[in-house]
Each structure stands twice: as structure tokens, then as C-alpha cells.
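Below are two complexes that have chain A in common, paired first with chain B and then with chain C.
== the complex of A and B ==
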């Protein structure tokens, strides 16, 4: 708060260049104007649409393959070298390749976001299944659980905490890549808005859009935390124990 | 009630058990461990057999072999009369409840695996919870329950499957003395109502005598059966009348048998007496 006040005063007193660091009040006014005119809403809509399409596609694939890799050592042996080779690549570096393969339209953007969302969920889901202890498997097996029931009643809930951590990592990585792809190659979306604002030196608009991106990140993480508390009631207990 | 229509309950096949020269060797990088060495015993239908022995004598391994959770290195586990797969239910040392399932779903787990319809298995589970005095906790999660209550839930989960053979692996080990006494009483009441064959593993000599028809005394590693004792107490048992001279004498005999192994496992010198 004090920093904001200092910023405001410094900008008004021309101690810092208002062109690059406009006063917070000016940013807020711009933010409001862009909101009223609807351009922020439209841009956010584009970004969210890409983000959720990519997350859904990449996340679902990562989840299913992760369960498979966690459960079957054969699947793990088969997929692990590929994962080890592709996972460390900065996904943005693949943009040109993806553009060649999928064209310059919406498709290539979603593919790149999906690729980003894929790995954290894959790796965490695999780890989630693998950390299920031998005793849990033993009890489940002893009481006759197999196939679908074993998956639904034991494997899935047992790996859920790590799956949700993976989902959070996927979400944040996907948000970064979504905005980055928009900066590089989109006409619409929050990233494109920032780029346009920068090129035309309307820095207030750049800052206003950054606020929206921060809000999108915060809110989507909040949704995930709520989801986690809902899905894993015992987790709330663990956390309150930890605090005590 | 649904289970009345079950023909298996009208004329129950009484399962008996024979364990024949059972051996188990665990192979690891630090060398092999012979956990069980030629263990043989028989148990008749409806009997309550207690296995007592020092920690690490392979009692849990023996139960897992009988349950089919481990494969023996040599020897056989034979169920009579000629049942290929009798219903076996095990209560594990640490309850082993699934923390993500409500109590009622934990109890109904074995029934669900058999493909029983949700409403039916729920009713069966609730009935057993009623009888173990846990009906009001049906909707709770295991972490909301005390250790003793969790172990009762585990017992209910085993009993609801109407097992021919009930295996109990030191189920009351982690409980305080009062809770343990109440649990023992409840176990006996539930068993007297069903009278399936029970194998009860414990390291507590007194517990073995108070609960069992027969006590098998096991040695330290490798586990072997040192002796068998019939318990001269009548049924139904009254656990509060525990100061029989015979019990004291039995207890002393078993302790004398176990003492050398117990001492050596603690690296204590042999007894002077």
C-alpha cells in the first residue's frame, strides 16, 4: 500500500517517467475505461477460451496417460524416454514447428498450450499412483477390488492430492504460455492487448491488462484450492493440524 | 432381509484349515531371511485359535500366506471340505481403512467388490455397524474416529463379508488397556454369533489365553510352532474373571517357552533361574 502511494506521488511529481510508469490512479482509470468499453472483457474471453481448451485437452491426456504410466511398468518403460526428451524443451521454442504442423490459426495456439499443460499432470499423476503404499494395494486386493472398482475407489482417490498439485502446475504453466503465444502471434487476447499497448506506447493499457492477467491467475488458482477442499475433505483436517 | 435367502447360510459349509510344512523365505539384496520354517497345524471349523509369539516371529507372514497375499516358498495351505476359495477376511494391524471413504463405504468395500447393489450393501454395512455400536459414525471419515473405533470399523468390514475364515493380525496392538478389554469382549460376542474359524495373532500371552480355544506358541525367527495348548475355559467367556489358577499356570508355561527368544531379541543375557 505504501509502495503504491509512493509510486503515485513519484509519478505525479515527475520523479519517474509517467510514460513508462504511469500513476496507479491513471492505470485504474484506464482499467475502468477498458472494462466499460468491453475490450478487456473480449480479450479475457479469448484468453480464457484458449486456456481452457488447451488445459482440457492436454490435462485430460496427461491424466489418462499418467494413470496408465503409474499403474503399468510396461507403459512406463515405453513412455519414459519420450517424456524425458520432450518435457524439458521450452514449449514456446516449439511454436514455429507447431505453426508448420497446425497452421497459424487458433489450432496451433491450443496445441501449444495443451502440450504445456500435458506434462505437469502426466508427471504428477504418475507419481501419485506410484506413491500408493504396498499396504493399500494389499488391503484393496484382499477385499477383492480389481479393474474399474480398484481405479475408482482406491487408485484415483489415493493419487488425487498429487493429481491436483499437477493440475495447479499445469494451470499456471498454461497461463504463462497462453499469454506468451498471444504476445507472439495473436490478434486478440490479453497477450495481444499488452503487445499492442506496448507498441503504441499506451503503457496505462499495458498495466491495466497485466492487472487482468494477475486476476485470472489468482482466481483460477483459488478455484482449484476450493476444488481440492471439496474433493479431499481430510486435507482440510491435515492443514488445520499443521497450523495447530 | 436379503441374506435369509442365501442358501449358504441355511446349511453353512464349515471350513476347516490345515497348514502343512509351510515355509517362507524372503530374498533380498542383504541376504535371505527364513521367516517361517515348516509350520504345520490344523484348525477345525468354528474354532478360535490364537497364535502367540515374540515380535518378528513371522506371525503376520503366516496369516498373509493363509490369506493368499503371499506365496509360500514350500508347503501347503489346505481348506476343507474341498473348498477351492473359502471366504477369507483379514483385519490388519493398523486397521488399514481407506481415508477417502466414509465409514459405511469402508465397511461395504468387500461387498462392493462382489458386485452387490449399492442399497443392499449399504444396508448390510449399516446393520453390522449397528451391532458394533458405530451406527452413528457411518457418515464419518476414518480420521474423525479414535484408534479403537477405527479397528472396530476394520472388524466390521471383515465380518460383513460373512467369512468362513477370519484372520486377525494383532488388531488391538495399538490400543490402550481399557479399550483393548472392551474390544476383546466385543470380538468374542460377534464371533459367538457367527462362529467362523478364527486365527488370532498376538504377542500378548494373556490375550491369547483369554480369547482362544487353543493357543499355538511360536518361536522367534525362523518362526516355528513350539507347542499347542488347549484353553480349559468354558464359553461364553467372561473376561473379567481372569484370575484362574489354570490361566496363571498356562501363562507361566508359555512365557518360559518364549523367554529365551524374547531375551535374545533384546540382546539381554539368559535368565539366571
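== the complex of A and C ==
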């Protein structure tokens, strides 16, 4: 709060360039105007639609392949070199290739977001399954758990904390790439709004849109934390006891 | 007491000094010899495009050095970046595309100004940019009815510059507006595939991509920018507050640039031009010879009527807050004779 007040005073006193650092009050006024006009709502809608589609596609594939790689050493041996090679590639660098493969429409944007969301969930899910100790596997099998039953009763609950951590990482990374892709090649969305604001040097609009992106990130993470508390009640208890 | 010999000596000395002073006073007045210009460092914003060639020539052919300037060429990613760097004083001189960002920035107190004209769409010369389409599509576009709903691919900057005014002008001839078409921002390298796959109907391209796209796909120029906006001022040369205040240094920088423009005007017929431009852009010299070199005014005078027309269009599009007076964004002290 003190920093905001200092910023406001500095901008009003022309101690900082109001062109590049407009006063917070001017940013808030712009934010409100853009909200009332519906510009931010429409842009957020586009961004959320792309983010959701990418997360669903990449996340689902990451989850399934992660379970498979955690469970089966053969699958792990087969997929691990590919994962190790592709994961470190900056996904935005693949944009020209993805544009050629999937065209210039929404498909290419969603594929790139999905690719970004895929790896954190894959890696965390694999780790989640692999950290189940041998004793648990043995007991489960001893009691006759096989296939679907083993997955539902043992593998899923035991790996869930790491899966949800992976989902959170996927979400954050996917949001970053969604905005970046929109900056580069979209006509609509929060990234495209920032790009236009930058091009027209309407910096208040740029900051106002950044506020929305921050809010989207915060709210999405909040939803995931709530989901985590619902799915893993003991974690909530641990956190309230100060153990997590 | 002073000895008589010494007194005589002193008198003679005084007389000699007086004589020298008188002679000096009677001597014809000559202007002091021009002091050699002190070398000054300036930062110049460039991009690997043909519009920046005069800066490369000024650097490598020695025009900057001749005017006592040590120029550091700093590559920027976009013209928008250049405008903000000029206004922040991170660059001293640069060529920038005429965009609403520049005018909005000046209106909000940005202190950079345009001082010389840059690339211009000369109707008497080749078209350095325009709309291209594959032959079959181009044939269909002869019928104005087929323009409605088409997809136009643009570079990632989009249609916020003079290219927006150009495309709007093309559409106006067909009785349409920008709202009647779909624009798609594309990396230039993806344009070829997008045209061939039919993902876009038409591409708005500039050199060297205009030549590349035509060569690789057999696409043809449907309409060139000079046809729609003859003498349209695409870019201007801007000075930072530093060069605007230090007008002596600003004039040296402008003179060096205009001398380079004179050499640039010889185009690819000048082997040194080709060599310099190929070096800075890493383009094949054969391609550099093939592309269209846009016109630039030798005297540096920008077509400010065209700039006014652009501003009016940008305001109507909601991209610019207001139309700026010429004196707000243009400083004419640096144009050539």
C-alpha cells in the first residue's frame, strides 16, 4: 500500500514519467472504464476459453501418460528420453512449427498451450505414482487389488497430492503461454489487448489488463487449492496445524 | 633606483610590446580556424529492414565518422519498441513506423520528435509492399464482391500503422471497411504456408518478404501500397530529447543521415550498398539486388499531409486519442537544403 501511495505521489509530481508509469488512480479509472465497456470481459473470455481448452487437452494427456509412466517401467523407458528432450524446449519457440502443422487458427494456439500444460502434469503424476512405496503395492496386491481397483483405491489417492501440485504448475505455465501466444498472434484476448495498448502507447490500458491477468492467475490457483482441500481433507488439516 | 642602461632597455621593451600590439590590432581580422568537431557518441535504433539501410550506409561508408559521430547501432525488435526507447532517451536517433503509439506518446508528454522523412511510397517507383495472393485468388479478387469476408494475413505488428490506412483504402475501393474482413497476425515466415494452404486469402507483405513470397509461391501483387496511398509517408526519423536540445549534434547526425540517403538512392546499382545491407540483414546479396528499395526524400522533408491523413484515420479507428498539430510532433530544423 505504501508503495502504491508513493507511486501515485511520484506520478502526480512528475517525478516519474506518467507516460510509462501512469498513476495508480489513472490505471484504476481505466480498468473501470474497460470493464464497463465490456472490453476486459470479452478479452478475458477469449483467454479463459483458450486456457481451458489447452489445459483440458494437455492436462488429460499428461495425467494419463504420467500414470502409465509411473506404473510401468517399460512405458517409462520408452517415453522418458522423448520427455527429457522435448520438455526443456521453450514452447513459444515452437510457435512457427505449430503454425505450419496446425494452421493459423485457434487450433495452433490451443496445441501450444496444451503442450505447455502437458509436461508439469506428466512429470508430477509420474513422480506421484513412483513415490508409492513397495510395501503399499505389495499389500494391495495381497488383498487382490488389480487393474481399475488398484488405480482407484491405491494409485490415485496416493499420487493425488503430487498430481494436484502438477496441475497448479501446469495452470501457471499455461496462463503465461496463453498470454504470450495472444501477444504474438491473436486478435482477441488479454495478450492481444496488452499488445494493442503497447502499440498505441496507452500504458494505462496495459496495466489494467495486467491486473486482470494477475486476478485470473490468483482465482485459478484459489480454485485449485479449494479442490485440493476437498479431495485431500488431511492436507487441509495439516496446513491448519502448521505442519505443511 | 634603476640604472640608466636598464631603464633604456625597459623603455625599448615597452616600445616593442606596444608595436606588436599595434601591428596585431592593424592586422586583417580572420575567422578562427574551424575547430575540429569533437567526436560524439550517439545510439541509433535499427531493424534488419530496407528502411534502415541509410543508417547502415552512414555507419559503414563513413558518413557518421565524417561528421564526428561515433554511432552505436542498436537492434530493436519492433518499431513500437523504438518509439518508446526514443522517448525514454535510450536511443538518440531512429527510423520508426508512423503509428498511433508515437502520437499518443507525444500527446502524453513524450519528448521525442520526428525530424526527417523516412521511407515513402513513391508512385513512380517500384512497390516495396502491398497485398499479394496466389494467381487463382488474385483473379477472383478482380470482382469486388469477392473481397467481403476474406482473410488477410499481416505481420505481427498488425494494421496499426500506415498499412492499416492502405488496407482500408483498398477495401474502400470495393465499398468495404476493415470490419468486413478478417485480419490474422502472422510471423512473416508462416505467410507462405498460410497462403498455400488457403488459411489466408491475401497477405500484406513488405520487402524482402514481398519478393520471397512471390518467388516461393508464384503469388502476384494484387495491389501495391503506392497505388492506394501515393507518396504515403511510411516512416520518419526521430530524435531523442538529447539531440533535439543539442541541435549542433542533431544537425551533424541529420547531415550524415541525408548524405547516406543520397548513396542509398543509388539502390542496388551501388555495389557497396548491396554489400552493406546484406551484411547487416544477413540476406543473400542476390535477394538484396532483387528487392524493391523504397524511396526516401533526399532533403529529409516528410510528407506531413500524409501524416495528417494517417492521424485522422487512426483517430476514427479509435487507435489515437487526438490529431496532433504539426508543431507538436515535428521539428523541421534538421532537414537538408
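General remarks:
Quick note on the criterion: the second predicted complex is superposed on the first by the 240 of 244 C-alpha atoms of A that agree within 3 Å, B and C clash if a C-alpha of one lies under 4 Å from a C-alpha of the other, contacts with A are read in each partner's own complex, and residues count from 1 in each chain.
The rule is short, and it goes like this: a residue touches a chain if its C-beta (ideal position, glycine included) is under 8 Å from a C-beta of that chain, and two chains touch if they have at least 3 such contacts.
From a predicted model like this one, the values you see are computed outputs, not experimental measurements.
Aligning the shared chain A places chain B and chain C next to each other free of steric conflict.
Legend: residue contacts after superposition of the two complexes on their common chain; A:157 is shown touching chain B, with no touch to chain C. Judged by the touch definition given at the top, the superposed model places A:184 against chain C, while chain B stays out of reach.
In the superposition on chain A, contact of A:17 is made with chain C only, not with chain B. With both structures placed on the common chain, the touch criterion links A:233 to chain B but leaves chain C unconnected. After superposing the two complexes on chain A, the angle subtended at the C-alpha centre of chain A by the centres of chain B and chain C comes to 160 degrees, rounded to the nearest 10. In the superposed model, A:81 makes contact with neither chain B nor chain C.
Of the two partner chains placed by superposition, only chain B is touched by A:149; chain C is not.
Fitting both structures onto chain A leaves chain B and chain C with a minimum C-alpha separation of 50 Å. When the two complexes are laid over each other on chain A, chain A has no residue in contact with both chain B and chain C. By the touch criterion given at the top, residues 67, 69, 89-90, 92, 94, 96, 98-101, 109-110, 112-114, 141, 143, 157, 161 of chain B touch chain A in their complex. Here chain A touches chain C in the complex through residues 17-20, 95-96, 99-100, 103-105, 184-187, 196, 198-202, going by the rule given at the top. Per the touch definition, chain C reaches chain A in the complex via residues 80, 83-84, 87-88, 99-102, 104-105, 108-110, 153, 156-158, 160, 183-187, 189-190, 193-194, 197, 199-200, 319-320.
Partner chain B is touched in their complex by these residues of chain A: 135-136, 138-146, 149, 153-154, 157-158, 160, 232-234, 237.
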